[in-house]
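Shared chain: chain A. Partners: chain B in the first complex, chain C in the second.
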Partner chain A sequence: MNVLRVSKWTIAAFVLPCLLLYVGLVFVPILVSLYSGLLDWNGIGESKFIGLQNFKTLLFDDPVFWPSVKRTLMFAVFSMAEIPIALFVAILLNRFIKRPNFLVSTYFLPVILSVVIVGQLWKTIYNPAAMGGMLNQVLDMLNLHSWTKSWLTDPKIAMYALYFVALWQYLGYHTLIQFTGIQNIPSDIYEAARIDGAEGLKADWHITFPMNIPIFKISIVLAFIGSLQAFDMIMVMTAGGPAHATDVISTHMYNMSFLSMKYGYGSAIAAFLVVLCLIATVIINLVFNRLEKKFT
Partner chain B sequence: MAVKSNALKMAMAGTLAISLTACGSAGSNSTDSGNKSQATAAATTAATTDVKKAENITITFQNIYPDPTDPKNGMMKKIVNDYQAKNPNIKIELDSLNTDQQKLKLKTQAASKEVPDITIVNPSAQMKPFVDAGLFAPLNDMVQQNGLKDTFQSGILDWYTFNNNIYALPDGNNIAVVYYNKDLFKQAGVEVPKTFEDMVAAVKTLKSKGIQPMAIGEKDTWTGSFLFMNVLLRTNNGPGFLNDVVSGKKTFADPAFTDAVSSFQDLIQAGAFQDGATSFDYNAGENLFKTGKAAMYFMGSWATGGIETSSVNGKVGVFKFPTVKGKGNPDEFMLAPGSAFAISANSKHLKETKDFLNYFMLNFPKEAFAVKGAVGIAQKVDGDFKAAGYSDMAMEVLDLFKSVKGGDLAFDNTMNPGTAQGHLTSIQNLFVQKKDPADVAKEHQTAYDTNNKK
Partner chain C sequence: MNSTLGVASVKPAAVTRDRKRFSVVKTLVLILLSVLAVTQVYPLLWLLIYSLKNNEEILSGKFFALPASPQWKNFTDAIQAGHYFQYLKNSLFVTTVTMLGVLLLSSLAAFAISRFRWKYGQAVMVIFLIGMMIPMQATLLPLMIIFKNLSILNTHLSIILPYIAFQTPIAVFILSGFMRSIPNEIEESAVMDGASIMRIFRSIILPISIPPMMTVCILTFINIWNEYIMAATFISSERLKTLPFGVNSFVSQYSVNYGAIGAFLVLGALPVILIYFLLADKITKGMVAGAVKG
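Up next is the complex of A and B:
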């Protein structure tokens, strides 16, 4: 701050508009939503203050809630497990491809597509063979008839089919982030390592990975928060069905607030989601601070 | 909210006052800050003196006819334009949305008490929360103007009446029928089923001939529920099961309900519906039938227009939903009083809005008839359908209307939204796994009890 040679007041004055906007658009709504979580309110008429009743029902009496939390967390785990793969792809691209930009952009393409389009596309792919479902037709062609499934409507499989689409869509995104990170590592470090006899995977383990940890963290946080909020894709493909089999926290919240018209209860779910996000962010930060200290 | 908007007005009046004094014009103008339109007019024309003009009024008209290829869209625009031509000072602003979007938008608008002048609601239990919150203006006086009330079919307005006040005017009045593809029936050698058991048998025959027996868009859960409720209407030997539950005379464990569940499962287990039915939304499901890929389609009579303009037109017939296990009367239908126009109680131009809606509804049947959209509207229609070129199928549907002897409303029009969601999910589950009817009954009872405790 001293480098800037301006008074703290000037800095405050410049920061203030943005800060106000942020507080007004983020913190105030969160507080309002926390308050609505304490109401018995259908979103339209009179509301009644019922204290923590909504949270009690949510945590102890709602048969849909915990399974949907589990699916959300699984979603997060899968998304995070994808990032090492993205890193590996990025390393390969960086090392073996002369002009990797084209490939990186290609992998990035699904990210730009609207989720609705991606959802519709995969819905068609997952359709039963009789309805033109590509996946099942391919399996039939390969004589793997027993592998064909009703991907989106079998309650045991539907959720995994959804995870896969999300992974497919965001692989390119994380590859791009990791790739950019790798390119920022100075090449003289690798040259020094080569002299010391470390090349290929060994160099990656000792140089690329540790030097890329901050970028790795960004990807992990993005993947985690993104999957906690997963909503649009699920809405397009299954809308939480069949019979809650693919409900996650956010779709459950939507169903409760807008379809069952229990706005207060929906707000309670939203509050839970916010808390979950905060806790997760804190944990991820702690873990990575340790990692960074260990490696640098 | 009220406090906030007052503060906003104060602030606006404040800035207005400053700008006016800065311009050097008379400061007294800013005293009537309550009249916002005049004040803003004064601000923009601060230099000129001409403030008073004929009062221009804008009425927002939220509606669910966004699709330009839908005849109703053109019809609405025509009536609106005619009205604007006659009343140059009135501007009707259309806010055309898809059904689901409109439902959502209205709910968020209602939460902040900013309901558009005219909006769309669904009958009975679905509009009750809005009425209870005092968001809509009673239309009792308005329906008397120009004899509008008498244009409606008798009894239809009851679904929109609460405490003897009419709160909305419907655009439709439909019944549930089974459409069938005559060509596919002939190909498989099946007859129009007379009983539900015949229907299950026909499903099996069609299936064995490689023809998809029925189509449904069960991702939109109300479709399966609508069919299930028709089975229940039969096994209960008449309408009123849900009302009996509400009044405490019956529970969901009643044999009428469990029988309905098991019969409904018979149909599903016979393979009536397409694979992956729960991932088909309403349009995708209907398209299977409209493209000739399915032999039967259970739906409200509002689908008639869409089927007429599809490739299977001319090959389609309709039949009444048959008796189940010898019970019930096929002349009792699932009734679907349509979505309806309501007026915001807080409308700034309540009188003008009422006048416009009055004009709109008076012209509705005539214009709908002209664009061949008059099958299943809520008002009486003068005119010869046959001579106007309506299809044979449309005529068949119109004949079915004549045989209606009462019936039930859809589940979500009878029960509160929380219970309805429990029901819809429970029924959707039957499409993906076989369940014990007693368990289904228990799910319903739990949903009902948890959403109706006081």
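Up next is the complex of A and C:
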């Protein structure tokens, strides 16, 4: 029980500076954004209230919108598919390596780099061979000339090239999270299981998986919400091009608001994104509450 | 490796076979994990080598070869043409102020939420928690309009304020979680001795809370040091740009001098990598703590 009885003024002095700044710069903008979604406005001149017109256009008449939603969701699927791989790596590290910290920190290195560094680095790697791009030079060296591509300017491939960079950057993060989770499982459980004849993969199936469910949740939320918000990396590498082939929800929003100057319309997309994030969080929490009840 | 224990005392032959199988598996695992380490690190190493080559060497296709003579000129070019130290200074300033702001505001709020007896503590916590789900990009446009009206657009204040705001939820979450675990007796005796609230906060709670505050510092540092899009949206003057923004505009402008681009990317990555070498354990722990925000 909290012990300190203090006056209202004291409470206000402690909480309000933080709360006001936070509400003013996070919540108020979101509410402004929700409202601006109902306007026809270019950000400078007169705004006109047009009700749900922006949302109607967005959902039914925008050729870029649904494909960008699809790419956002694909992004989430790929990111989540990475988690089992990370878990596998974490199990291997935990079982076979005596001093795993060095390897774990090595895997983690890309995570701490700015998206600008990662994005520009991979842009350089994806460059045509004649511009010094490593990937195409490797393919040339292996005599796979027909495989060489302009990875970021071919609309069919560009998006996959981006997914890959995100997977590359965050593999270490998920591995570290899963690894920490595994290390927190008390080792006497495994010993008890060994006496009962369960070792190796069998023990993983019966112990590591169920005990790690809360950790999965952390990874899944991180991957899912992170993908819905995937933004900076795409802005750095392709800015949604070529011809909208790599647009996701947030880049579409940015391009609409800041390049096409459709502030109202951009806000409508922002509102959609916020709602999607909140819904996704609620669903993930519900699913995992069920799972945790079932397995623990 | 399934049955080592069960048969150990009876069949030595089976044990050696098992051991052999184990060492084969172990070798395979080692190879796999090393390959993975190489894929995670090689691109960075490649970049370093790339940054020391001249254009001819880069375009020649021998991506693996070391440069004939290291082109340090790429680095001096990058530093001179790219305002590297200006960007570095700006990033240092913005990140430091943000860190101090986050620590101050969130420790005060976390103290009130976790230690005061009042009705709305939980409600305030929930407000902070909801904020963690809000995508930062959705606030770019309204914030830009707000800042334009306050005429602080294109100042460091226009990025520091939202940086602090977006870092507070996780900071309050981490700090209040820790402060809740401090035993009540400590404060009770302090209150009996007549210590004021501010005194309790400064002399008792803050010193105990240094470990979680380190975590908050690390998270804030990594997030803010690397932040790009807000800086690129709210800042336009060359002399105010932070490092990621500066790196990005340099690289986009300087598209023919490949070596210099590589050098600037290396320089851009250098500070954070150096700090990572010094504090790897603390950073990985802090980032895991930060991931728990779901």
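Operating definition for what follows: the second predicted complex is superposed on the first by the 271 of 296 C-alpha atoms of A that agree within 3 Å, B and C clash if a C-alpha of one lies under 4 Å from a C-alpha of the other, contacts with A are read in each partner's own complex, and residues count from 1 in each chain.
Going forward, contacts are C-beta pairs under 8 Å (C-beta built on N, C-alpha and C of every residue); 3 or more make two chains touch, one makes a residue touch a chain.
All values reported here derive from a predicted model rather than from experimental measurement.
*Asks:* Overlay done on chain A, so just call it for chain B and chain C: clash or fit.
*Replies:* Clash.
*Asks:* Among the partners chain B and chain C, which is in contact with a greater number of residues of chain A?
*Replies:* Counting residues of chain A touched by each partner, the higher count goes to C.
*Asks:* Please indicate which partner A:Ala130 is in contact with in the superposed arrangement: first for chain B, second for chain C, both, or neither.
*Replies:* After superposing on A, A:Ala130 lies in contact with both chain B and chain C.
*Asks:* In the overlay, answer first, second, both or neither for which of chain B and chain C A:Asn101 touches.
*Replies:* In the superposition, A:Asn101 touches chain C alone.
*Asks:* Using the superposition on chain A described above, determine whether A:Leu152 touches chain B (first), chain C (second), both, or neither.
*Replies:* In the superposition, A:Leu152 touches chain B alone.
*Asks:* Is A:Lys262 contacted by the first partner chain B, the second partner chain C, both or neither?
*Replies:* A:Lys262: touches chain B, not chain C.
*Asks:* Is A:Ala86 touching anything from chain B or chain C once the two structures are fitted on A? First, second, both or neither.
*Replies:* neither
*Asks:* For A:Leu167, using the defined touch cut-off, is the partner it touches chain B, chain C, both, or neither? Pick first, second, both or neither.
*Replies:* Once the two structures are laid over each other on A, A:Leu167 reaches no partner at all.
*Asks:* Pick one for A:Leu228: touches chain B only (first), chain C only (second), both, or neither.
*Replies:* Second partner only.
*Asks:* Of the listed segments of chain B (5-13, 95-103 or 347-355), which one clashes with chain C in the superposed model?
*Replies:* 95-103
*Asks:* List the residues of chain A that touch chain B in one complex and chain C in the other.
*Replies:* In chain A, positions 43, 130-131, 258, 263 sit in both the chain B and chain C interfaces.
*Asks:* Inside the complex, what are the residues of chain A that reach chain B?
*Replies:* 42-46, 61, 123, 126-128, 130-131, 133, 150, 152-155, 237-239, 241-245, 255, 258-263
*Asks:* For the complex, which residues does chain C have touching chain A?
*Replies:* Its residues touching chain A are 1-6, 25-26, 29-30, 32-33, 36-37, 39-41, 43-44, 46-47, 50, 58-59, 61-63, 105-106, 108-109, 111-118, 121, 124, 127-128, 131, 133-143, 145-146, 161-162, 164-166, 168-169, 172, 184, 187-188, 191, 197, 200, 222, 225-229, 232-233, 243-245, 247-248, 251, 258, 261-262, 265, 268-269, 272-273, 276, 280-281, 283-284, 287-288, 291-294.
*Asks:* Applying the document's contact rule, which stretches of chain A touch chain C when the two form their complex?
*Replies:* The touching residues are 1-6, 10-11, 13-15, 17-19, 21-30, 32-33, 36, 43, 89, 92-93, 96-97, 101, 103-117, 120-122, 124-125, 129-132, 134, 137-138, 140-141, 168, 171-173, 176-177, 180, 194, 197, 199-200, 202, 217-222, 225, 228-229, 231-232, 235-236, 250, 253-254, 257-258, 263, 266-267, 270-271, 273-274, 277-278, 281, 284-285.
*Asks:* What does chain B use to touch chain A in their complex?
*Replies:* 104, 107, 110-111, 129-130, 132-133, 135, 212, 219, 221, 274-279, 416-418, 420-421, 425-426, 428-429, 431-433, 450-451
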